[in-house]
Amino acid sequence: MTQLSPMQPTKVDVAVIGAGPAGMAAAVTASKAGLSVALLDEGQSLGGQIYRNIEHGTPFRDGILGPDYVAGRSLAESLRASDVTYLPRTSVWNISTDNMLDLSRDGSSSQLIADKIIVATGAVERPSPMPGWTLAGVTTVGALQILLKASGVVQEDAVLVGSGPLMWLVAAQMISAGTPPKAIVETTPKGRMAQAMPHILKALKGHRYLTKGLSMMRQVRGAGVPIYNAATDIRINGHEIAESVTFVSKGKEHTIRSSHIALHQGVVPNQQVTRLLRCDHKWDASQHCFRPVLDGQGKTSVPDVYVAGDGAGIGGAKSAALMGRLVALAIAQEKGKAAPERVYRLQAALASDGAVRPFLEAMYAPAPQFVKPAKETIVCRCEEVTAGAIEDAVDLGAPGPNQVKSFLRSGMGPCQGRVCGLVVSSIIAERRKASMDETGYYRIRPPLKPIPLSELANFQPLEVAQK
Amino acid sequence: MSASVDTIVVGGGLVGSAVAWGLARAGETVTVIDEGDIALRASRGNFGLVWVQTKGKNLFDYARWSRRSADLWPEFAELLEEHSGVNPDYHKAGGVHLCLSEEELDQARALNNRMHNVNGALGYGAEILDRKQLDEMIPGLGPDVVGGSYGQHDGHTSPLRLLRGLHGGLKSMGATYASDGPVLSVAKDGEGYVAKTASSTYRGAKIVLAAGHGNKALGQSLGLDIPIHPEKGQILVTERVDPFLNMPTHVIRQTDEGTVMMGDSHEHTGYSDRSTAPVISDLARNAVRCFPILSKLKIVRSWGAVRILSPDGAPIYQESETCKGAFSVNCHSGVTLAGAHAMALAPMIAAGKLDPDFEIFSARRFHGQTH
Amino acid sequence: MAKRIENTGEPVQFTFDGQTVMAQPGDTVAAALTAAGIDILRSSVVSGSPRGVFCMMGTCFDCLVEVDGVPNRQACQIPVTEGLTVCSQQGAPDVLEASA
């Protein structure tokens, strides 16, 4: 199968959504087990965000991005060598209850039926709502890294504002690229090390990550980048474009001039597909995010739907690939195929790779200012809905994000709630003194990404039997 | 347990909220019991038409009631904004039922002829327009549009702002809104009524069932027969564009925010509210036929909602014969009828009795004259 | 100011609001505009305030631009090709003007 027919749905054993580490690994393993596999990805090329542009790296850029990035190349090579049908530039915009996937590719829609669906859609950056964060020139830290990976472009005056491993990694990579950030405004609140210490023994099992983290921090400090700790009351100033960032650190207000401010508060599972499918989700108090409820083999509450990688809960690229393989093996076994590799070895490797997580999660949990932003802060960037307006809607009786959405249009813009979802829920939960599980999340509806009306009008989908 | 109020309203959607708003305005103490965040909510899925033409072709009293509501809407919208600070974006712009074939146009013409005298001296207010006349009113129509029926009493509103305005108004008038539903049971309780949710018990001298499909089961315990069935409708909405369409059509309307809504599907798929690709593509094709200028716009979201339909499509309003002071309100036109529910029906319920000519809206109409 | 640390191929040219922008093969429109120092891509449909690239990975829909006459395309998802016509957007698109 290399072509999708507009006339009739193509059938496969396994559809894998997302070509990052989890998706590539799952696809290769399922294919090796003898299953027909389609790997669907929105991007132009393999790798997802973590291994973005992995097939077109140059020695110079590899040197900057480091061995953990370069490690992704072998995964992409194994995918290319496999029998997997890889469909780049393909956006899954709906999945119906009878395992029919509606896809958009190069301006037209078609259908794919899969016995099993592996959701490997990875992570998105946790929103960092603060006054001024909608100004032009303000990006995420992840955006800076994508610029570097995909285009070899760096911002010379960038100020990084936030916390977490990715921020330090990007700072270190910028230094290696010869353009250190202008400053780092660290938002990790005081006392976090004490909260994280109970997890340190376990984390030492994953000492490679700790060592890497410490070495990145040393590299940043060694390069003379000013670092401001435990920053609060952060706001970005500017008229058309960001001009400066103001914050309080160690009791003193600082303003740093820059028109490129990059924000980061860690990453969280991308829930769009599992929410569309109405899979059960649970709040993870350690990761501060919703995760789909999975059995030991990555299976969701919805029949035939599995999740692998950061979409299942944040574990990083290596864990994502391990989990992708495990999920593929579980499916292979269910379909009566011999496993091409040993499950217990992968499980042991997964446990070892994840050992550092509880420590990192305690250390870098989002600061209160991002969980419950000040009233005037825009939370929904698309519809420009403020935290205060959300609180008012709660006071009017709105019990959760879907009623708030219908009152205020938060989450109704083109991003479909991807950016604001978690903060909207957390503001409601705080206001109602309810748990995140009681509060819930936006209901996600098709299309998963906006689609031109003409494309839908030209689409001739099969009638589906709704379960 | 909460103190007893004058009236418990079960259901906080557009129907329950409009009735409760009217009751509160009439000076009653009111408790509205609503479900939580995820529920079958026809109100959240509404298209937003305040629509008179074509309504009540099987029951002329329903045609007159819809018209009465449209006549009340301007004052209602004003009062709503006054009480809540929320403008429901109501526009009495007139509305057009677009016809894509001569046959459809003939049917519209026949319907208008049949209905022309339904409001007596008030006039029906709908007329058939040919394509040339339509072009003078509406830009960008596609070649397949042959004409349409223009209704001068038709208009549109934002159902979401309407709901928010009603909830805001309820709050400002001191009504209690509880979202710990669903109501699991209702029962006669001495001189009044009791409604129970999983966590609370509510008491009131009267009770109004406005729980959409939930009414069917609840009504049984109060001697109310409520023969309603589900019918799914799906809707698409685009990204925002500059205002181009200043009046609603029955399948496409532009909101005040600039998004364009496309709807009018009818499916019998039980209580499922999922959007499905076949209907999404049908709606898209129809929209492109009506307005080819929308082709390049992106659909940002789709949704399904489940209409509450009686056997003849008209509302059911009824007081229980065995439980005086227990009323049921059932309809699929919660937006169109919001004006009448708030300003005409609620005062009757506040007075404890539906008008005698409301007998026509009781479910008894489906059972011949049996009592 | 943005700096490109490495060129990997023959430059590709496109226009943004009529101005010629040089890109590298593999650049998305968003990356090429960022590299060219262009940070404002549109004004918000709600308040009119200026917006630019935010997430660079297709999530936020902030980098919407008009590409070859089609409004609201995600600049971060579209690869640059020779001769592409990209325009900034002021508020919401006008469907009547576009069809005129």
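Letters A, B and C mark the chains as written, and numbering starts fresh at 1 in each.
Methods note: a contact is a pair of C-beta atoms (placed from the backbone, for glycine too) under 8 Å apart; a residue touches a chain by one contact, two chains touch by 3 or more.
What you see is a predicted model; the values in this text were computed from it and never measured.
S.K.: Can you identify the chain nearest the overall CA centroid, using each chain's own CA centroid?
M.R.: Of all chains shown, the one whose C-alpha centroid lies nearest the global centroid is A.
S.K.: Consider the two chain pairs A-C and B-C; indicate the one with the greater count of contacting C-beta pairs.
M.R.: A-C
S.K.: In angstrom, rounded to a whole number, how far apart do the mean CA points of subunit A and subunit B lie?
M.R.: 40
S.K.: Rounded to the nearest whole Å, what is the centre-to-centre distance of subunit B and subunit C, using the mean of the C-alpha atoms as each centre?
M.R.: 43
S.K.: Between subunit A and subunit C, what distance separates the C-alpha centroids? Give it in angstrom.
M.R.: Each chain's C-alpha centroid was found; their separation is 23 Å.
S.K.: Can you list the residues of subunit C that touch 2 or more other chains?
M.R.: 70, 72
S.K.: Using the touch rule from the top of the page, what residues of subunit B touch 2 or more other chains?
M.R.: 239, 294, 296-298
S.K.: Give me the residue numbers in subunit A that touch at least two other chains, ranges are fine.
M.R.: Residues 413-414, 450, 452 of subunit A touch two or more partner chains.
S.K.: Considering only the defined contacts, which subunit C positions touch subunit B in the complex?
M.R.: 45, 70-72, 91-96, 98-99
S.K.: So in the complex, which bits of subunit B are touching subunit A?
M.R.: Going through subunit B, the ones touching subunit A are 12, 34, 36-38, 44, 160, 163-164, 167-168, 171, 177-179, 236, 238-239, 257, 269, 272, 274-278, 280-281, 284-285, 287-288, 294-303.
S.K.: Given the complex with subunit C, which residues does subunit A contribute to the contact?
M.R.: Answer in residue numbers: 42, 44, 49, 53, 56, 58, 60-61, 64, 124-125, 134-140, 142-143, 146-147, 150-157, 177-179, 240-241, 259-260, 270, 381-384, 413-415, 418-419, 449-450, 452.
S.K.: Where on subunit C does subunit A make contact in their complex?
M.R.: 1-8, 24, 26-28, 31-32, 34-35, 39-41, 44, 46-47, 49-62, 64, 70, 72, 77, 79
S.K.: Any idea which subunit A residues touch subunit B in the complex?
M.R.: Residues in contact with subunit B: 94, 96-97, 100, 102, 111, 393, 396-403, 406-407, 409, 412-414, 416, 439-440, 443, 445-447, 450-454, 456-457, 459-464, 466.
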